[in-house]
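Okay, got some structures for you below.
In the two complexes that follow, chain A is the common piece, with chain B as its partner first and chain C second.
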Partner chain A sequence: MKEILAVSLFFSKSLLKERATAIFVILAVVMIAIALGLSDINIARRFKLLEDVLLTSQMFLLHIAALFYAFEFLQKERTLGLFVLPLSAGMSRGRYLVSKFITLTIMVMSIFFSFLALDAVILYFIEKEITYMLFWQLFLYALSALVLGFSIIFFSNLVSLMNSVIYAVALFFIGNGLDEFYIYAKHISKDALMQYIASLLFYTVPNYSIFDKQAEVVNRAYISTEQFYLYPVLYFFALLFLIFSASYLKYRTKVLRFGE
Partner chain B sequence: MASRVAFLLSAALFLLLSYTIPRPQKSDLVVNEILFARPFFFRALSGYAHTLYADRLWLLSNTVGEVAVGDSFKADEKEVYEATRTIVVMDPFFYPALNYGATYLASIKNRLDLALKLVELAKIFNPEDFKIYFLEILLILTYEDEDKIDDEKIAALAKKAALLPDSQKILGNMLVNDWVEDILIYARDKKGKRAQAIEDLKWLLKNTEDPLKKREIQKRLQELLKDRE
Partner chain C sequence: MILLGHNGAGKSTFINYLLGFYTKMEDHPFLREFEPHLPKIEKKDIGYAPEAALLDLNMSAGDYFKMISILRGVENYDSTELLRRVALKVDPDTPIKKYSKGMKQRLLLAVALLGEPTTLVLDEPTSGLDPFGREEIETLLISLKEKHRFIISTHSLELAMALEEEIWILREGKIEFKGYVSDISELKRLLFKFRPERIR
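Let's turn to the complex of A and B:
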């Protein structure tokens, strides 16, 4: 475990030095300024628009960060051969793969915590209360961003890096529309074939909609504890286990090359 | 020298184009076709940003201007229904938008059927919200013809609403049967129903910016106030 953490921290430090890390935080500050500018517009509930702009912009930034860090790390790995030193020092491939997953987690979570700190200060001064539900929703978006990043790592074992990004993003968009498609098939169209396809997709495509509870949060609507706290986290760990296992099955026998 | 000339030429071309490109008109902002898009497809496409889009559509449809397709500038019930439907699908928890659209359709346009269709749609996404059930009951009791009101259906709806997780916040310690009884008494209370319709219209008036819609609501409000006198 020690060596996994040491390798992960080493990789994370080099990624943290990227200029993009600072740009993500600066962009978050710019979006907060825009949200504050819009906070006077009262739609239904005061600060609803502010919270919507904050959450949506930070959701975008978290996903772009996951995409960027996964791409940047895998690119460096392929061109510079980052795996050579740990693997030649006796680290197993499985452990090295774990450290790749942990590196991405550290990077996304560091962006998440910087957003969390900014939001906590801003919202405390504006709304005069700490809205824990909002922070939890931001955490769920961080989990969703991680699933996106892990998917890129998984696909990079099968196809080229650019294609792996395309496949992961395509899955993200399909996974985001799963709930809508299911509801449309079951309640609106009621077509048997569509219902079958919708059910099939539920078992084969990662359902990103499960991480989206923003509507309930910003409208302060009722949401059960299981749906808000338990299911998304359990689903994340199930996906993590699945993606890691699939990646490991391919990675343990993969011919590793670099500098191409 | 050549690069300077190229730069100056491209800068001149950019300025010329910027000058000639037509400026956006108010109608471009007010009449927005997105409001009439296929809501499910639009929501699936917008991903996690669907609630923010719902805010924008709400501002477009209500605060900024009227809801209308093309250049007619006359919002009919079909257009109001379609625009509200898009907002409801984009954010089914955005209760004020649903309340506004459904109340406007039922009270001003006399289209209770369309109002109830909106409520049903919101219930698909948000089946555990007491407010939506209560809105449905109020709409039926206030705007349906008295002889068409089905007491059993109302009682079933009220019971279902009272058993929802967030109903206790509103009903408190009130017994379910007492609440259902109160509602059925209200169903035959003409005076109470007129008072509710007046309250609905006052609320609509307060939340409407568009002058055309405002005149329509004011006219209906005056009629009801005259009847009461």
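Let's turn to the complex of A and C:
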């Protein structure tokens, strides 16, 4: 564990020094300013629009951050051979792979916590209450962003880096519309082919819509505890396990090239 | 062990195979030839220095020492002393982006020396350096030969002779010569003898 942590912290420190990290936080502040400008407009509920703009922009930024850090790390790994020194010093491939996943987690969670701190202060001053549900939704977006980043790491074992990003982003878009598609296939169309496609997608594409309860959150609508707290977290860990296992199977025998 | 040979002879492939970057024979056509010659060395006994271009410019010498010391299980080390051994006069916290190419190569040597490994594995340590930088690194390597064994790929015949290690000459993935030579002219003659057809 000590080895994994040392390598993860080394990689994270390097990524944190990238200018993009500061840009993500600055963009979040800009979006907060825009959201504050809209805070007087009441649609259905006071502050609904403010919360909507905040969550949407930060959801977007979290996913962009995950995509950027995964891409930047993998790019450096290929050109600079980041794996060379850890592996030549006796670290196993499995442990090195774990440290890649942990590095991405540290980076996305750093962005998440900085957003959380900003939101907590701003919303407390405006709404005069601690909006736990909003914070939990932001955390679910961070998990969704991590799934996107992990998918890029997984695909990078099989295809070029650019294609890895394309495949992962394509899955993200499909996965975001899965809930609606399942409802359409099972309850509206009821066509056998549609239902077959729905069940095929269910087992092959990560269901990103599980992490999105924004509409219910900003409308203060009822969400069951299981749907809001339990299922997304369980689903995330199940996906993480699957993505890591599949990546490990490929990575343990992969030819490791660098300087490309 | 000094690995000599033309570009594409397989020197870097041999080192990468030794370090475990290839796992299956099908990964590279040279591996079957190299397999019986591969020295059995524990990874913890290896200090590896790749090419200087492979350092992360966002980081510092201190960051590299910290990570590698944990991986090698070295509890106590002195960053300043390590830098002094490779004649690198910088603060351990100076970002690597401020280093020259020669300084980066020295830093890699310092990282390789951390924990006093018995074998130093170096892949073309003077590649891309100007004559002054090259001489500095070669002098440094020669000063280390008393305490360490070398597995080094190089095009420098002077360095190969000065290190007094066994010489291996590779040609298109085959180890054509293994042994010691008495002087540089004999080494030159051998290298020309084992140059590939396309160069002839």
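In the analysis below, the second predicted complex is superposed on the first by the 260 of 260 C-alpha atoms of A that agree within 3 Å, B and C clash if a C-alpha of one lies under 4 Å from a C-alpha of the other, contacts with A are read in each partner's own complex, and residues count from 1 in each chain.
Convention: a contact is a pair of C-beta atoms (placed from the backbone, for glycine too) under 8 Å apart; a residue touches a chain by one contact, two chains touch by 3 or more.
Values in this document were obtained by computation on a predicted structure and should not be read as measured data.
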Chain A as common anchor, with chain B and chain C clashing or fitting: fit
First (chain B), second (chain C), both or neither touched by A:Asp52: first
First (chain B), second (chain C), both or neither touched by A:His187: first
Touched partner set for A:Val255, first chain B, second chain C, both or neither: second
Chain B, chain C and vertex chain A (Cα centres) - angle in steps of 10°: 160
Partner chain(s) touched by A:Ala89 [first = chain B, second = chain C, both, neither]: second
Touched partner set for A:Met1, first chain B, second chain C, both or neither: neither
Nearest Cα pair across chain B and chain C, whole Å: 34
Chain B and chain C footprints on chain A, overlapping residues: none
In the complex, chain C residues that touch chain A: 16, 19-24, 27-28, 42-44, 46, 48, 50-51, 53-56, 58-59, 63-64, 66-68, 70-72, 111, 121
Chain B-facing residues of chain A, complex: 41, 43-44, 48-49, 52-53, 56, 59-60, 141, 144, 172-173, 176-177, 180-181, 183-184, 187-188, 208, 211-212, 214-216, 218-219, 221-222, 224
Chain A-touching residues of chain B, taken from the complex the two chains share: 40-41, 43-45, 47-52, 54-55, 58-59, 63, 91-97, 124-126, 128-130, 164-166
Touch list for chain A against partner chain C, complex: 2-3, 6-7, 9-10, 13-14, 17-18, 76, 80-82, 84-91, 252-259
